[in-house]
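You will see two complexes here that share subunit A, one where it goes with subunit B and one where it goes with subunit C.
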Partner chain A sequence: MFLKGSPTERNKSDVKDLFVKVLLSEYFIVFFCLLIFVSLMPVTPHIASRANINNIMSNLWPLFIIAIGQTVVLIVAGIDLSQTSIIAITSVVGAAIMTSKADPTLFEKSPLWGWFLTESGGPLAGEPAAIYAAIFVMILIGVGIGCFNGFFIHKFKMPPFMVTLVSQMLFSALAIYLTKSENIIGLPKNFKAIGSGSIMKIIPYSMIFAIVVAVLAAILLNKTVLGKWLYLVGSNPKASAVIGVPTGKVIIFAYAFSGFCAAMGSVLLSARLIAGRPTLGQTMLMDVVGAAVIGGTSLFGGKGKVSWTLFGALFFVILANALNMMKLPFYVVDMAKGIVIIIAVAFDVLRIEIKRRTNVM
Partner chain B sequence: MGENILALRNISKAFYGIKALSDVSIRVEKGEVLGIIGENGAGKSTLMNIVGGVLQPDSGDMLLYDQPYKPKNTMDANASKIAFIHQELNLCNNLTVAENIFLIDFPKINKIPYINKREMNRLAHEAIKAVGLQCPPDTLIEKLSQGERQLVEIAKAFSMDAQVIIFDEPTTSLTARETERLFKIIGDLKQKGRSIIYISHILSDIQKLTDRIVVLRDGNVTAEGTTSSFNIDSMIFNMIGRDMKHIYPERKNVVSDEKKVELVNITKKGIVSNINLHAHEGEVVGIFGLMGSGRTELMHIFFGLDSFESGEIKIKGKLKSKNTAVQSIKQGVAFVTENRREEGLMLEMTVLENLSFVAMPNLASRFLRFIDKSRIADKAAAISQRLRIKSGAIEKSAAKSLSGGNQQKVVIGKWLMTSPEIFIVDEPTRGIDVGAKFEVYSVINNLACDGAAVLVVSSEIEELMGICDRIYVMSRGEITGCVGQDEFDRETILRYAFGQCAFNKNASHESEVQQ
Partner chain C sequence: MKRALSIVMLVVMFAVLVTACAPKPEPAAAPAPEATPAAAEQPAAEKKLKIAFAYQDLETEFWVAGHKAIVETLKAKGIEVIEFNANEDANKQLEQVNDAIAQKVDGIIIIPQDGESAVAIGEACNSAGIPFGVFNRPPSNKDAKALVAVADNVTISAKAMEHMALEARKVFEKTGKKVKPLVMVGDLGDPNAVGRYQGFKNVYEKNKDIFTEYIEVPTKWDSNTALANLKSAMAANKDVGLLFCGSDFLYPVIKSVLEPLGKWQKIGDPNHIIMGAVDGDMTAGKLMDEGYVDATAVQDLYYEAELILTGMLEAIEKGEKTPEKWMDDPGFALTQANMGEMKMRMWGNKLRQEKGEL
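Up next is the complex of A and B:
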């Protein structure tokens, strides 16, 4: 260890250089995750166990998928608060389509009862194609709500914050109304596999889902004209309009894509729960937006990357997991979470400042 | 020789090892107007920022009334009665005139932190009366025109009894009428013994207004003397370090009979009415009008950034069916916006990226429109060479790091990537220096030579007379005159611009500029 003994000037500056290098790295948050992880190993050795790492990973994938959608919206200088309600409503509708049993005492008062949901389950109960149909409908709803958001934001120039806040309230209330606040259970076995199964017990299906969405999003953002347009609209909508970017369509696309990602996340979350839950995802919003922003995506638009969001999501699941491991009361967990996040953000501000100073010419 | 009020001695300043000023010595006499001219990047702004306390010099010193003057910030400068009126005005638009004037030092009641509103408005009223601004002191800034806002800045300088007032490009966003008023006020200030430092690219204004001129080039003073000892040519010579026989390039374009663009009876209530204009293949058509005449709005409508109520737009003889920017670009129209920084460039992005945006969809693959990076890079490199864009590696340097002239070339360059046939160029030389202006004019000229129709909007008559074949003049949303090259005359054009209509003998003779 070169820190020990009496460090020479040279040693000191080496350490400083390394520190600055890590701080300035695009992947600073990865180092920060590692730091948390390693520093907790002596306190809670269980954190590095295989079972726990699997647990961290299974929490990571749904969050990652949803946060990718949020990232795309943040890139166009918007925000999507309705993702949580998309998760809830798609979870409920998807489950209602494929469930094979519904308890009349629970669902009798549901508006779906009788014509959609009966004692023998949903319209496609028992059909082999039910899962595919359900996932398809879930995605359709997600994209639909996204288009709804995008339409109002573009057409009436409403602030994204308000529009998506309204659809968050509207659709999560609708999800509760549809089920009268009950979980829909009795989902097909194969659906459960999506949440917890894996190929040869190594590669979980949820990871494959996440990687497919991530690769799609990365190609979209980096390789296509549409992707470039997203960044353009986010960093300067006026200039984009002048050079012939169909800004309205681009904005609607961003929200639709966000809805798609939320629906995909909902598939994973519902499958893991093996149920359609009208309050699913309700507490996730902070983690989703936080993952994107801590990863480096700007709240002011024009800046963001899928890989950044992966690490941001990783940061949130590791942090939550580590705090859970310590068996702290929930309020302490929340306080600790807040403190760590503000430290991470402070570092982020610091490194932007250093970058600005070194790159100014 | 008058009494020196401010003297700068051997001021040097470097930014990150690059010299911005070396050994600059200038003096300002009491009651004189000193003009400072130079190309962009010559060091004018750095020098004034040092005087105004925004920057500190690396070496050299300043004397104010023969006392050492070392401002650490703008407050110090203000306390020493030096006021700096920036090109981009520093006013809080949501506050009133009076509040802005006293923003730094509100009149208080008995020194407790409670603003004495009545006293503030009374003092403000005196200050704005002195500069000839006619509005109550509790008017919100956002309700004022650019020219009026500038008067508020001057009133602010007035209220703190500034002895030295620095104007940095004050006329760029003023109407002709407002400019005249500004010059009159500067004259008054001079009469009252105030010293003025006046920075501008508009050399004819410098000639008219100043007593003495200092020319800067690359951080050095290249010439200094009384204004009468300079003429425009010698000013330019000292600014760019070489002789420039012509401010405008030689014209070689041939105007054909084919109409590339035709606007028929375009009307939008309150904005423009009954606009008829056309441009031929190979023609440079100027559109002159004072601020608020509707010229920029008309171009926005033509390009599809704004809607219109009635009329027709024909491009190459074909009726434009959908009036959107996307459609215009498809039909070969390019729009070089007047607002380079806000509408023309993605400042944070690289030159290469900025050049690529318009052509990107055309150069992309059919399937899913994947971007073809190498094709774009090749084309952008060619354009950058053709326009002689001065920057670092185009794939690395951010657009914001370029000088104004080079930024403008990037804005034009991105359109050249798709070889359009109709160009709308709005205020192409705003805020760029003489050398860069010549190059921009050459680009416009070459476009016309290649058969494009170019519509140039400008508020500088000389510029339009120098590069256009024909000039339309607008006033209050209407075209009041059309002047061919052989009839170009400053006065005629101005008369139309002030609302005297060439087509309608009964038109009002009143020449008030509307806002």
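Up next is the complex of A and C:
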């Protein structure tokens, strides 16, 4: 129809090239987020308001932190389903340490009652260092559970899916047992600030937490030998063992780091809701694994980046926010979410296929 | 090239964050909120009110009927209703309410997951200056200012339990054996569950001469938990003679446990367990008609919906941004003794009538 080399044909070719470039770009999911965001602006103008962007950001940080841990585990070709239970158990233990009150009607049957938790609160109730101590213990528990997972996966060659699924059940049940399924309230005001406060009303504390964890993870993955080992173990565990990589220690480290990230996420979520909750994070698993995978981290190991996970988390947060903004009937929201996720995944598969063909050719 | 693109994207994202998080400029001479009723700013005909209704789930008849009453009443008044379902996730509900705040709604009504999350959500609404209402499940404390419509759970549960205790006394006098009570307790993080449990205990304490020690069965307001725990309790205590449950929605669970044991019997049968629960839904109405249930502590659902809506609309009309009022629904107890006069006051029976069942 068009003459070869004519301006119209060149324009068509340019558009096609641009489309392929966008599709193949590692920032594809960011473009997809922008597409959702911009296309909704005419119908839901509030989506671009400062208050809403603020919301999106405050919802992003806890998910991002937790998904970073999941990314590191996925890089070693594992998966950590126990992150939600780590969030729950660390939330109740941290809260029990620093709470200033506990209602005997609710807690007298708790195994913590009397020696750890009393009517006047936890062991560090009212102490200035209570928050730091509680966060420290939360991280310790998170890392401990991560080591537990890593140990069983490495030592007994058990499938990560099974080990972390069992951990999920075990530690979720423990969180419920410890509190008899009650929420622990009476947390210090300064702890609440971690979830909703900011420095000079500009930079939220939760964002600082997220940036610190992200930078740590990025340095770990990109600038250290351990980072290289993580990718090697994920790509080919047998070969990495042959060349002297301590695969066992690397796997245990990956799960410990995942536990650390889940505990950090738990700090932010508990602070937001001003309570230690034994059911905290129960519904987050899909978003956490999804954020890492949609960002570009491979489920088969050896591939993943912190920045990709940021984009994946952003995608989930923007999607949830956009669906809320669209005033859809509640039963349509989850269906729409599922459809958009499947479209994003389909695009991801398509671009991997294009990349493969390009490389073959 | 990739590195440059990364840097550009990070700079753009950071700029967006800082812009988003920067403090909002204060209006130069903003009049006091109380002095500028919303209605006065703009004629009602021009401005369509927007109210967000965020609920934890719609699992039971009570919540479904409450949801319907609130949404239909608001829509009938020409008010736009934005609905959010948190699927029993407190963090998700907080995020949804924050999204509603960003949409600049005129008021927010919630059915919270529990009393604690109601406080955190209420504080977010208070900070945004948006009137905040809680339907039926009250906040665990008064840290956040809220309009709260809630049943007097202690009193209505005690009234229903008093009738059940009278029936138990008849059994005691007839057989000379003390009656063993069993109480199915809801999620004690929910002040309603605590109130209902307290109502049961108050009457139990007054009638200890005819009761043995009671058996407590935790349900967490979850059918599966209730089923597992009730099965265990009944296996260990075959002589249970009275069963008080925190909510009517668990009747199907109770029936599924008692029926195989031959204990699901009508009043008058020697194997009948004196039974009662709280809410007043359609199932309870039917079971009372059939003679399986002795008493129901009734929350006046429609009255509570009316209380919260009236309070909310009044607050919006007056331009109040953080109204605070706890409004009690006195409720009542429907028993086999007062069925004739009180039956049609129960919301579950009204629904049955609407459906042509009565």
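Quick notes
Note that in this section the second predicted complex is superposed on the first by the 351 of 361 C-alpha atoms of A that agree within 3 Å, B and C clash if a C-alpha of one lies under 4 Å from a C-alpha of the other, contacts with A are read in each partner's own complex, and residues count from 1 in each chain.
We adopt the following convention: a contact is a pair of C-beta atoms (placed from the backbone, for glycine too) under 8 Å apart; a residue touches a chain by one contact, two chains touch by 3 or more.
All values derive from a computational prediction rather than experimental measurement.
Three-chain overlay on subunit A, with subunit B and subunit C fitting side by side and no clash. Legend: residue contacts after superposition of the two complexes on their common chain; A:Leu226 is shown touching subunit B, with no touch to subunit C.
Considering which of subunit B and subunit C touches more of subunit A, the answer is C.
In the superposition on chain A, contact is made by A:Gly244 with subunit B only, not with subunit C. When the two complexes are overlaid on their common chain A, residue A:Leu106 makes contact with subunit C while staying clear of subunit B. Of the two partner chains, neither subunit B nor subunit C is touched by A:Ser298.
When the shared chain is aligned, no partner comes close enough to touch A:Thr118: not subunit B, not subunit C.
The superposition-derived angle at subunit A (between subunit B and subunit C) is 140°, Cα centres, a multiple of 10.
The least CA distance from subunit B to subunit C in the superposed model is 15 Å. Listing the residues of subunit A that touch subunit B in their complex gives 223-228, 232, 235-236, 238-239, 241-246, 302, 360-361. The touching residues of subunit B, when paired with subunit A in their complex, are 15-16, 18, 303, 305, 325-326, 328-329, 335, 337, 339, 342-346, 348-349, 357-358, 360-361, 364, 368-371, 401, 414. Those residues of subunit C that touch subunit A in the complex are listed here as 2, 5-6, 9, 16-24, 82-85, 87-92, 94-96, 98-104, 114, 116-117, 119-120, 123-124, 140-141, 187-189, 194, 218, 220. Note for the complex: subunit A touches subunit C at residues 26-27, 30, 46, 49-59, 105-106, 180-183, 185, 196, 198, 201-204, 207, 269, 272-275, 277, 279-283, 307, 320-321, 324-325, 327, 329-331, 333.
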